[in-house]
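Note that chain A is present in both complexes that follow, paired respectively with chain B and with chain C.
Then we have the complex of A and B:
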């Protein structure tokens, strides 16, 4: 078990810089998930921790020891690859014991540790099989078993579930979470799937373009995203955004005109951003209601309806041009081609400035809820 | 209609097979026939059938009139040493070219590819000059001494042919398609680059090793120009130049066929032994594109 500390870590390939000075503290026993879109640098960062990529600048400490220039095998880390990377010519037992064999561990000890790990992962009946004779889920378990055998300080997972089907992915997600609670090791997990990140992590690190956008617990990121990118990335389906005109501004509030014409006032600390003319309002799909109990009502044209059983996703257009997603109950009567009204409360809205940074809105007070009145005011 | 087409296709394949098999069958059958029977059967199907007055006399004459067993032993030694060393050297270079990062790697790879287009005939004279000046290391009066030149030895027929740019390229192509994740997993497991080569890459590359072994074996077994130039005496002569010597003596066609059949046997045996992997390697290469 170990802390992991990255200090001003930079990665350059020739003149191209892909990781721009990352600072990150991972506490002993934490399950940390690196999440972000393709090309954000999450896998590169993990590989730098593993020792498979050289750190161009900065320092990496594992268990309070600087391992920046230490070989991968001596860092006390073990990694599960996206492709599993099980050696096809070796049996499961040989695959799991390969690292110990390279370390010239006694054969009896190798057998003991392989058997112990196999027991944890219920791999005992499979030990004499070769990888080609295993299912996807079994291969995944062997890949994890191979890391457990080495008893590393830090476990690294590079998108380990991306090759599995949906059902198996959910099952393995639970198994990895159970494994973490059982072993209590530090684990770093890379994924582009924010659902995996939300469900497994103690702490999520959201990356974009080689920079950390935000670090926090899943619920912290969901409730208080620091910018529009994090707000859009965390949560499924993604948050809806609307451009709004700023009608009036004080140090602690904004008066906005919504695309539907309605005018409302939201409390926000905008003392550092004087003279704003446009802002973005964000509302999560699950906060749009099919009933009319919300403070703001909007009329939408429904394009597509996805019935998932427990919930329904409605893909619609608002004011003719703004696309939005609404998550409603499983038995929603909404049909494709319908025109219907949805509503939301302003206290569930996020507000972002023109640079995408969050303006912390709170206690919104709607001035008018009647569209004709609002239009009259703005007119 | 379909059955007719199928029949036509089979007949065509049979004809093609006959064209390829005819010389081989004729050689083997003739080696068991006296001279007059060979010529009597020449224009009939009997030429490729084991019929008539069959005898082992031709083989007996071959062993009596020539040192074919010595040549055969030399060829076995030269070929097996070259193939074994070649598999190791060529695959190891291909491994470093395809899976390791080091400065100058691209230039070496370009040189390997460029060398593939230079035929042995083009370099044989400078090579001969070089090996004629190279001394061998011997043991005399309790110490190492430099003696003679490489000419007229077995090593002159082995060492210049161990490294082969075509085989390096074949290994390179195969290794390049093996996912890098295996190396990285092994690296994390504490394996050194040589251990990765030895424990991971080599066991996963059976088909390409079989292919190169067969091709290298054929290349070495059929060596003709180089041994004629570099070997003058009997002691280190391999089988193929031995045919030339045998031809020079008063021999019958049946004896020549017996000699040729005898030296062809190892080639057939090696091919049959590795055939399955050889074919799968070629098929695999096709699928991988």
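Then we have the complex of A and C:
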């Protein structure tokens, strides 16, 4: 059982605090993804788990054992670096067996375990090559193979795919996911790419500025973001936001005036935040419809149309200055420069207060019409 | 090359552009020549030409100041430099076939000088050294024994100074690669001997090495509670060369230190972290990350240090003048002594030519050795 538990973990460089007391429970066998914009502290957090970065305050437990000040090599973790960090003068076989060699493992055993992992990753033909004779994807595979050989309690990945081209990235993404279902070890994966997070994670940890914004399964984060930041970060293309004036407010509903002037009433539990004047309305691109079947209609000026084949992204301006992205079906007739109407349903709107906290999330769409969700996840 | 079958890139350029290429820019070759001309001129005037002159002179009997006309002498200078011979001597016995012995009980051999003079085959030869085999004595002869001695001294210097200097440089580089406050101060301090004139350094170290007044003997004496008596560092034939080695390594290591430092900073930090996770300790990281990462740097440093070491001259000239008993005379020192101080410039030239060829050969061999290791 390799649970990972962070308790009030703080990181300071001198006087600068970059991680502000993080509590996190990772269950055995979970695939957890740390996601967030660049500089939010994902790598720092991961490296503290790895033991490469000292934990300034707080505690780290792996497998119910306090390892806060245990050396990296004794924590039972293995890490895949963004740069792969393969030893350039060693062959693939030596690279993969190095950890075991340092642990003074028997030579026959090393060979057996290297061969075994090489088989899992189809590295057998490459075992006698040096890293410089490998392609990017192959190096990546070796870097992963090196961690498998050591059979760690926890696998750590720091943006392992960001040096690969788009196609290879998708391929490796699938392979890592497969690997996880095969090995069933606990894995922590850092990325700034929310698509990677959505597709691979059992549990996503959204970080911002050294704090956890939200923890949850991909679908939970998609459906119930706790604030504007998570709502904007999860989902692709990102959610559209616009400011609305509050015209009237009761305990369980708000009457809003949309930027285009239209007035509508939304159900929301706002009993704890009385007297609001402005709120933010969020609507995902895939919930804007090209037809007029929605409850609210808005007229937009189309700037750019991207035809992706299976779907179409429309970049438009709504009521003058509000930028808007709309995702519609594959063969949309919308053209650049068009002025056209889109519509949406009120129960698919998110509402955020002036601090960005969620007042109300969209109602889950019934299962049989959940196609847009699945599409967004595979995006 | 056949112009019909090969499409050369500059041809294509000329064809595709409307105007002839020459009017827009001079051909690349001309530029290359123009740009490198000053350097090439300097190289030619101060390296190639003197070398060719030395080569020519080494076949003559030219002297610096001489009333006699210069004549070609063929390989005489080289013969004088490199010709080695030996002879075996039987001990002298008296009338009853008893071996004669000196008062100390040592065997007596015929006087070498008269033996050499008697035999025209040994004309110009002098004793270099001798060994005893049983009762017999083998005498190694050379036409210029002090040149042979200089070669041996130079090799000894190189063999000692290269590992010490490179090792010191690497050690210092590792030390100053730490991220500590004020580390730049140490970098400056460690580098400062390099920018100090070697003559000044040699004079200062002559004081340090002084038998009676020198700091080293004082410390040695104090630290050993008077057990280790004063060592005549520069006056004892056994200590003179090691003393010069130590001082030379200290003086020059700063350069190699900087090169190693650059090499160290080129090694990815991720590799150290990967090694840390793999359970490698400081030694494991040094052996498996640092050393392999410094391989090319090391090749360069070792080759350049070796070549530099072969040229040992100034320290010897200032500190020991080749002594005591020729124990610190080097090839370079010998060349200068013969060529300028004894004014036999032709002979000095011959030494330089030999020296050049030897260094070339050693540099090529070293490169070959390291290249092979890379493939392995």
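Heads up, the rule we're going with is that the second predicted complex is superposed on the first by the 359 of 379 C-alpha atoms of A that agree within 3 Å, B and C clash if a C-alpha of one lies under 4 Å from a C-alpha of the other, contacts with A are read in each partner's own complex, and residues count from 1 in each chain.
Note that contacts are C-beta pairs under 8 Å (C-beta built on N, C-alpha and C of every residue); 3 or more make two chains touch, one makes a residue touch a chain.
Note that the structure is predicted; figures quoted are calculated from it, not measured.
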item: Combined model on chain A: chain C and chain B, fit or clash; value: clash
item: A:50 touches, of chain B and chain C: first, second, both or neither?; value: both
item: Touched partner set for A:304, first chain B, second chain C, both or neither; value: neither
item: Partner chain in contact with A:99 - chain B first, chain C second, else both or neither; value: both
item: From 6-14, 42-50 or 132-140, the chain C stretch with C-alpha clashes against chain B; value: 42-50
item: Shared contact residues on chain A - chain B and chain C; value: 50-52, 72-73, 77-79, 81-83, 85, 87-89, 98-99, 102-103, 150
item: For the chain B and chain A complex, residues of the former touching the latter; value: 179, 181-182, 184-191, 195, 199-200, 203-204
item: In the complex with chain C, residue positions of chain A that touch it; value: 50-52, 72-73, 77-79, 81-83, 85-90, 98-99, 102-103, 150
item: In the complex with chain A, residue positions of chain C that touch it; value: 268, 270-271, 273-280, 284, 288-289, 292-293, 295
item: Interface residues, chain A side, partner chain B - complex; value: 50-52, 72-74, 77-79, 81-83, 85, 87-89, 98-99, 102-103, 146, 150
